[in-house]
Structure formats: structure tokens, C-alpha cells
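In the part that follows, the structures are each spelled out as C-alpha cells.
Look at the two complexes coming up: subunit A is in both, with subunit B in one and subunit C in the other.
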Partner chain A sequence: MSTFPVTLEVRSSVKPLAWAVPAALLLFALPHAIDPYQTILLAYGLVMAIAALGFNLLLGYTGLLSFGHSAYFGLGAYAVAFMVKYLHVQSLELLVLGAVVASLAVSALFGFVCVRYTRIFFSILTLALSQVLWSLAFKFFWVTGGSDGLRVPTPAVLGRLPDPAEDKILFLANAYYYYVLVLFLACVLVMWVIVNSPFGKALQAIRDNETRAEFVGIQIRRYRFVAFLVSGAFTGLAGALWVPLNGLTTPDILYWPFSGEIVFMSVLGGFRTFAGPIVGAVVFNYLKTSAVGFTVYWQALLGAILVFLVLALPAGIVGTFKHLLLWLRKRAFR
Partner chain B sequence: MNLLQTTQLTKYFGNTHAVDAVDFAIGEGEVLALIGSNGAGKTSLVNLISGLLRADGGRIVFRGIDITALSVHDRIRAGIARSFQLVNLFDQLTLLDNVALSIFSREGMIGRLLSLANRYRAVWEEAFEILRQFGLETRSSLLAGGISQGERKLLDVAVAYALRPKLLFLDEPTSGVGTREKAPIMDVVSAIVRSKHITAVVIEHDMDVVFRYSDRIVAMHQGTILASGTPDEIRHNEAVTTTLIGAPDA
Partner chain C sequence: MDILVIHAFNGLLYASVLFLIAGGLSLIYGVMRIVNLAHGNLFAFGAYVTAWTVGSVFAGVHPGLLYLLLPAGALAAAAVGAILEPTLLRPLYRRAEEYQLLATFGLLMILEDVMRFLWGPYPLSGSTLFEKAGSVSIGGSRYPTYNLLVIGIGGLAALFLWAFVYKTRFGVVLRATSQDMRRASALGVNVNRVYVEAFTIGCFMAGLAGAIVVPSQSAVLGMGVDALVLAFVVVVIGGLGSLEGALVGALIVGVVREIGISVFPEIELAVLYLIAVIVLLVRPAGLFGRAA
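Now for the complex of A and B:
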């Protein structure tokens, strides 16, 4: 036994602020330094980061790989489109609220079925259920617009409708960007608290060892179900924020390759880290946009880049960065 | 009155009678060793009582309550905890986290979603104190996947102990560790169990450990109880010596 005095060291919850505060300030300042198009691209990235954060609560923290998160993203987007088209709702706050409630309802239904299974069975079930929603969006064209989708005009933000004379691009790059940014930061904060709460520790315990988790008194299915709900709500919120940016929702965002993109964002950034999915989402968004602008064979180019990145950075961008920092720190103290 | 009593407890795996109408009892404060050759039904019996397996027949009464149909969660609430033959830990969490999870669960705080775990200072202090009792405090901030097998065995028991059980099952607490490590592990575990008056059932193959640390020994063979008695009685029980131990020294 050690003769050195040993004291309790509980990890500080404030430490990550050293990274988070400068990053948030940078995100607030960026629209003043980059052009509106780049700002809108960043807004897309932040929206996808909310979806990836939600997704990673299941993959990184609970050990469940969902191949069906397009369902909740698409549901959020379609809920907004339906409310605009059929209920003539213009307030973005109401649209977001409606989308989150709809996502929660469907993730409760899907989650009830899916959390009974793990590993490949869970993944296939989530995939199959998401494809049910995709086929409904595709076939019920008199309600959903079919492959043409549904248009969504610019909504009223904080009770203020955009001036018809106002340039939509400038609106999206200013008022809407900051709206997305505030919600993004709120989502990061909430998710940070969740994964560092006793509940978050329980999810990590389930991920590491389901049998032992049960034998410390954790009710596995109940906790997985709550994680599934939170994950669905985050992804639904992302879908709701995405559709005014895009101006249109189509069944593409309910289709399985879109679920694959969400998986990829998390893996690219590093699903073993909290910030990984955020970074992965923003980087993936830029990569995809650049590839589309570069060649008509953008899928092939993107695939090649992504394969290279996964092989070169198996821990993801943030994971590799953390390893590098650790290595440098060790060298400095040698 | 017995703390735990099973009546005609039965478990089949196909045609194999893993546990065959077993009447098993343990009194409060006892440290009982469960011995038997591989396949005798020791672990199956513990799995049935702890809730990992469902019984095909019979009853389990714990502190006067029939727990046969209760879930694992409810049995833990009732006061039953266990460690595992093959160490079951949360390998990507620290030793402190591993123990703290049991405390959060025991205190009914594990479901708290919107408050930081670090705020519950008392939980972390208790977790650290438990690690100190098990001699693991210097390793508290390491990941459970990165410590030695002997330390993992101790941590496995510490995680179960943190639930403050009335009845603790220790499934081969010294298996897979070197001969020299066995006694220190059992010394620590035994001291804690006895000082806290915890009733314990130890499954063990090492007869030195069994005879040294237990008050009573139950020998199992082919799903049934072969004999029950003090270490001295078991040492001289003909059926046990013939079947399990071998002839006592002259």
C-alpha cells in the first residue's frame, strides 16, 4: 500500500469551460468575419451538431448504434412543414415545440420496441422503423408532397416576421444563425449536464457492462428508453431548425443514407468524446459541401476522403487531438 | 430465524438438473462457503437467489418475504448483492465511478438527469472511503480496465459492498489470481464482511481459503446438497472427502 497521503479528487465540472467559452465566443463573432454564405454553412453544421449530440448519447454513452436517426430528424422537419402548411403556424418557437413533441412521441413508440434489443438487432430495428416513415412520406404524396416535398417559408423568429423586402440570405446569416447558435449552446449545456449526471454515469455503466449494471440496481430498459427519448428529441429539434434553412423538406432526410451521415459525423469527430460529434458534424458538412461543388462524383470523392480519415484517425478528430495533447504533456514532463 | 431459506429450489437446463430441489438456508451474520466440483450447481444456486436465473420450481424466502418472482432490481433493494466469478466491472469508468454508481443506486439518486454527479460530494467521499477500506484508494482515478487482476477482484467485491447488502454472494473471489495474492484478498474481504456483520456466501474451490475463512460449509454435488456443517465436520465427512476433498491427513 502507498505511504503517500491520498486524497479524494473529484473531477471538476468547470474545467471544460476553458475550451467551451472561447469556442462559443468565436461562434458569436464569426458572422462578422466571414461572408453570409459561409455563415449559413456554419448554421447547417451547428444544426447537424445538435443531431449528432443526440445520436451520440446512444452510441457513445449507452453503446447503442442507431441506424435510424433520420426518422427523428425527418419527423422534426416534417412536423414543422405540416404545421406551416395545415395549421398556418408562423412562430418558430411554436414550430420547434411542436417538432420536439412529435419527435418525442415517435421516439417513445420506436424506443419502446427497440430498447428491448442490443447490438446488431437494435441497429437493424431502428433502420427498419425509420424506413417505415420514409415510405409513408414517399407514398402519401397528397399529404407529404411525395418526392417533391413540402416548402417551408421563413418563419417568425421571436414573434418578428421577416420583412418581405429583406434579403433571405442575410436573414438566415444573421437573425437565424444566432437563433440556431443560442439553441445549439443550450443543447450542448443540457447534454453536458446529462452525460455528467448520475443518469449519464448509469448509461455509461450499461454501455460497459450490462450485467453488472443490472446488479448495481440500474433498470436497464428504463434507462435505455429515457436515453432514446432524449436522443430523439435532440435530433427532432435539429430537423426543425434545419428546414427553415433549407426552405424545403423531402423524403431524402428520412432515407437510410441520411442516418448513415449522422453516424459518420460522430465517428469522424470521435464518438468516445463529448465534443467529437459536434466537430464531426461541422467538418462533415464542410466536406460534403466542398465535394458537391468540386465534382459530380461527389459521393465517391467524399467516400474516399472519409475512408482515409477513419483509417488515419481511428479515434476521430477530437480523440486524436486529445491523444496528441496527452502525448505532448507527457513529453513536457519527462 | 434464517436470513434466507430456499425450499425445493429447482433449475433445469434441458435434461440436466443444475439445481435439484435444494433446501438451503443461511442464518444472519454467517459466513458460509459453498463448495463442490465444477457443475455441482453452486453458481446456478447463487444465480437463482440473486435473480440472474429464473427458478423452474421451489421458493426463495429472504427476510421473511418470498422473492422468487422478484426482479434483480427488487432483490437488490431487498438487500442481496453479489460479485462475479468472471470479474464484471465498468472498465471504461474509474474505480471511484464504479463504486459511486452503487451508492447513487442505493440512495435512489441514479435516475437524476439534470444535476451533475460531481455535486454529490458525500457520495464521492463514501466511494473513496470504501476504496480505502479495500486498499484501492491510490488507484481511485484509474480506469477499472487498467488495474491488476487481484485489484479487479477486490473492486468487484467493493462495488457489491457499496450497495450495503444484508446478504453478499462472493463467486470465487480469488479465482484467477496468484497463490500469494489469495490470502491478502480474503483477509481484506473477510475483515470488512465481519466488521459490518454482513451475511456472506463464498463460492470457492481453494480448500485452504474455505476452511480458513468460513463459519459453515455447504458441499454440493450434482445439483443437490451433499453435506452441511462446520469446517471441522466437513473435513471429516466421509461423503465429502470421498467426492470432493480427498482423504484427510492422518
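Now for the complex of A and C:
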């Protein structure tokens, strides 16, 4: 679908580790070097990175642009809030599990409808369906809290009940940060395995040429459906991890401009690369936080950045970096 | 009985506004194959400009003359459209669809803040026009005259647009470009000009919708984002790129919403979206759409 040249790369199993291992070590060490506020900010970034990673399985690998991923993120978040409020579940592991199951169920329902379409129709349909959830969260205020949303207290992590005397900021910057980090790394690993598996290759074949993929014997709709499910589950997991961090879930995260933000992150990092959405999510999070602190017109600032990216840097941060590396290497060997 | 008439009028009122917004969106898609996510913001822009002209700039003018100022918002939105198409959209036609959506999403964020910058975060009202119009009696109940005016404008707009697209020379060129841009271009049609004109007309319609709603409801931030999603529902039901579809879709949404508000207010929006989904499952290209 895309028109800009994609460089064919030779994949070896060692090369990505040269980037991934130092990055993971850095993420483990960082909380000791930066203040708790920065750590929490980074935790937000990692949570969004899980969502963007899931989103990009559809956009980058299957060629389907979803403008409705706020649905699965919001669903994960609301599932946690409901379980806390109505079922009095305290264990974070149970909450996360429940949220993933809930978002799987809804992505199965939505996916069944959406994968029949591609291109712009897919985008509009995912958007319209996500707004069904938004309107429900908004209107059934006696269940969902309406526009006030639902408050979610600190959950029990690994069976350890929250200590009322403990400072919440320190809890989020320490125990919770590492919890998110471990899940994030697990997600990266799982997604890496998925996109490099025969299944992932089939998705990329569908993205590059639907007709040929079908002739090779790939059942396009079924593959798209499974990709949709995985994508929804990842984004739902992100939503579930986001709630304790935020302490509150409101219909804003179900509203479609939030889907736009997830798209923004992937494009900022570069949706044609594996690491792009991760980098994009973390950078976007910093970008948005500093833009909001810098001016009331932060939206215009982010919008201008997005337009600039589309017009001038369509490969995103990671994609541009890769092009640059390739170019430097070519020059060095000349 | 008169309650039914009033409900019918309300449904038509809503349909008129929706037709103008969705018709513009659909016209632009039909000709240029681009979905403008910032379309709702042009609707909001039209609303703000009219509220501002009627409410502050010419506040002291005789109310009869104020009605002549109503189209100010439509003209302003058209002017914005005429600037945007050649500068922002033209470089994107050869690019993949995701980039077109993203660029217009960026535009949406920018326009939202431009309006915040120009008119501040508070709602802007142009209610003089609504109040001065008074009300009429329908079978014993009072109904605002202004609402009837909006219905009239919506109907007239649909008529004019139909005549314009199907009865004028420019309409022929427009349809030819929409069906086969390359061939039209080879036959001597200046495609760039058609594009900028089509986009301007689409924005004019969105701006007009904003201009005519603002006397009865204030211009607020976020109204564009809300309106866009409803316009999507309309074009999905009617078929993206079809003006007849936009008209029928707007009528369906207008009527269902009117019933929904009184019968099932909680799931009114959800029902609208579900109708859109059902239409897509039964007729993938919408009721009036050409197969994609």
C-alpha cells in the first residue's frame, strides 16, 4: 500500500539483540538515575508502547489502519475498573487477565465485522464501532460513572496487598514500574516471535499483495481476523496496566481522537519497523507532556508535528535512523 | 398528532444539518478519494465565524439585516478550504491512504486550537437570530420559526446541489473527474482546478451547516469532532461518495435520533452506529455507493 521504498534487510537472530539487550538493561537501571516523576512518565510511555505495538501488527504488518483502537484500550481500562468496583478483585494479575479476556471477546466481535473491509472502509468501520463503546460508557453513567469516570485504587501486586502507609508515587515509580517493564519486555518478545513466524510472514504477504497472497493459499480473512485479535489483546493489556498508573478511567480514552494518538505514535516512530511504535510511544508521551506544560495550544503543536512527519519524514524516527545508518555504511564501504 | 408533527420537524431539522456536513464530506471523497478528518472542524469554524459576526461584530445591526450575515460562516469555511487544498492536500494524492488520514488528523488538531486561539475556550452564541424569529403555532404547540428556516435551507441546499451536479456544465466536469480522473485530464479537464473547487464547495457546505446551527445552539470547542463521527455514520449508511446517499443517510439518522431521544435515550448513539454496521454488512458500499 505504501509507496516509499522499503529496504530489504538481511535478518539474523543476533543483530536485534545487540540493540534490545542494552535497551532493556537501560530501562532496568533508569529508575535509579532519574526522579520518581520521570520514572512514572516512562512507565506511561511503556504502557502506550504495548498498545502501539499491538496496533502496529495491523497497520505495519497487515496493512490495515485502525482508527478505533481506543476501544480495546478503553475496554481493558474499564474492565479493570468494573472488576475492582463490582467484583472487589484486588490482585493485579487477575485484573490484567480479566481485561485481556474482555478485550479479546470484543475484538473478536468487532474483528468479525471489520476484517471484511480494507483501506478507508476498515478505518471508518473501526472508528464507528469504537464510538459505540464510547457512547455506552458515556450514557450508562450509573454503571460507568459517565464523564466523571471510575476511580481505581492501588491494586495488590503479586499477592502483596497495598500498604496504606506507603507513598503512592514511590509505589508507582518502583514496584509498579518494574511490573510494567517486565510485561512490556514479554510483549516485545511475543510480538517479535509473532511477526517473524510463518503467520507473521503471511500477514506481510497479505499487506504487500492481497491477490498473490490468496493465490499462494493464505486464507486472507482468517489471518486478518487473528491479527485483529492479537492486536486487540495487546491494546487491552495496555489499557489494563494504564489504569492503576492513572488512578482513574474516563470516557476520553474511548473517544476516537485517542485512537488518533495511538496512530500518531506508530507513525512518529515509524510503522514500517518493529521498534518504531515502541520508540514512537515513549517519545510521544514525553512530547505531549512537555507540549501540555509549554503551551495551552499543545494540540496545534502536536498537529503541526504530525503534518510535518507525514510530508517530510514518512519513515518516522526509527525508519529515518535506519536509512541514515544504511547510507553511512554504504559510504564507509565505498 | 401535533406531537408527531413536531417530532417529524425535529427529525428533519437534524437531517438538514447532517446532510450539509455529510454531503460535503461525501462530495470531497467522491471527487478526490480523500476522507478529510478535519471536515468537522470546518463545520465548527463556520459556526464560530457566524456566531462572532452576528453576536459581536454586527451586534447592533437591525435583526432583519443580521439574517443576511448568516452565510458569513459558510464563506469563511470555503475560503479556508480553498487555501488548504492546494497547500496541504495536493502533495498527498499520490501517497498511501494512511498518510492522507494522518495529515488531515493533524489538521484537525491544528484547527481545533486555531479556534481556541481566535475565540477563546468559552462557547460563542448567536442566539439573537433564533430569538428574533419567534415561534409559530402547530396544532396548539409552539415551534421555533427559526428551526423551520433551517429545514428550508437544508432542503434548498440539497436542491441546488442536485441541480449543480446534474444540470450544469461544471457538474459534468465534476462527475467526469470523479469517475476517471486520468481520462478527464486527458480530455483537457484542469483536474487541479476541479479539485480545489470541489474541496471548496465541500467546505462551504460544512461551514453553512455550522452557520445555520449556531443561532439555536452555541459554538463550542469539540463540536467538530462530534459532528464528524455522525457524518461518518451518515456516509457509511448512504455510501461514501454519493450525494443521494448522504441525503437518505441524513434522513435515516435524523429520524432514528429523534425517535431514540424520546424512546431509548441511553443507547441512541449506539443504535445509530449499529445501523451503520448492519448496512455495511448487508450492502458493503452503503445504500447508494458504488462498489469500492
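Note that in this section the second predicted complex is superposed on the first by the 316 of 334 C-alpha atoms of A that agree within 3 Å, B and C clash if a C-alpha of one lies under 4 Å from a C-alpha of the other, contacts with A are read in each partner's own complex, and residues count from 1 in each chain.
Note that a contact is a pair of C-beta atoms (placed from the backbone, for glycine too) under 8 Å apart; a residue touches a chain by one contact, two chains touch by 3 or more.
What you are looking at is a predicted structure, and each value in this text was computed from that prediction instead of being measured.
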Legend entry - Touching partner for A:F199 - first (subunit B), second (subunit C), both, neither: first
Inset, instruction - Examine A:V226 and indicate which partner it touches, taking first as subunit B and second as subunit C; both and neither are also allowed. - result: first
Inset, instruction - Kindly classify A:D208 by the partners it touches after superposition: subunit B alone (first), subunit C alone (second), both, or neither? - result: first
Legend entry - Partner chain in contact with A:V216 - subunit B first, subunit C second, else both or neither: first
Legend entry - Touched partner set for A:V307, first subunit B, second subunit C, both or neither: second
Legend entry - Contacts of A:A175 with subunit B and subunit C, given as first, second, both or neither: neither
Inset, instruction - Would you check which partner chain A:A156 touches, where first means subunit B only, second means subunit C only, and both and neither mean what they say? - result: neither
Inset, instruction - Have a look and say if subunit B or subunit C is in touch with more residues of subunit A. - result: C
Inset, instruction - Using the superposition on A, tell me which residues of subunit A are in contact with subunit B and, in the other complex, with subunit C. - result: 1-2
Legend entry - Partner subunit A, residues of subunit B touching it in the complex: 50, 52, 72-73, 76-77, 81-82, 84, 88-93, 96-97, 100-102, 104-106, 109-121, 124-125, 128, 132, 135, 137-138, 140-141, 159-160, 163
Legend entry - Of all residues in subunit C, those that touch subunit A in their complex: 35, 37, 88, 91-92, 94-99, 101-103, 105-110, 112-114, 116-117, 225, 229, 232-233, 235-236, 240, 265-270, 273-274, 276-277, 280-281, 284, 292
Inset, instruction - Write out the stretch or stretches of subunit A touching subunit C in their complex. - result: 1-3, 59, 65, 67, 113, 116-117, 119-121, 123-125, 127-129, 131-132, 135-136, 138-140, 255-257, 260, 263-264, 267, 296-300, 302-307, 309-311, 314
Legend entry - Interfacial residue positions of subunit A with respect to subunit B in the complex: 1-2, 4, 6, 8-13, 190, 193-194, 196-202, 204-205, 207-209, 211-219, 223, 226, 230
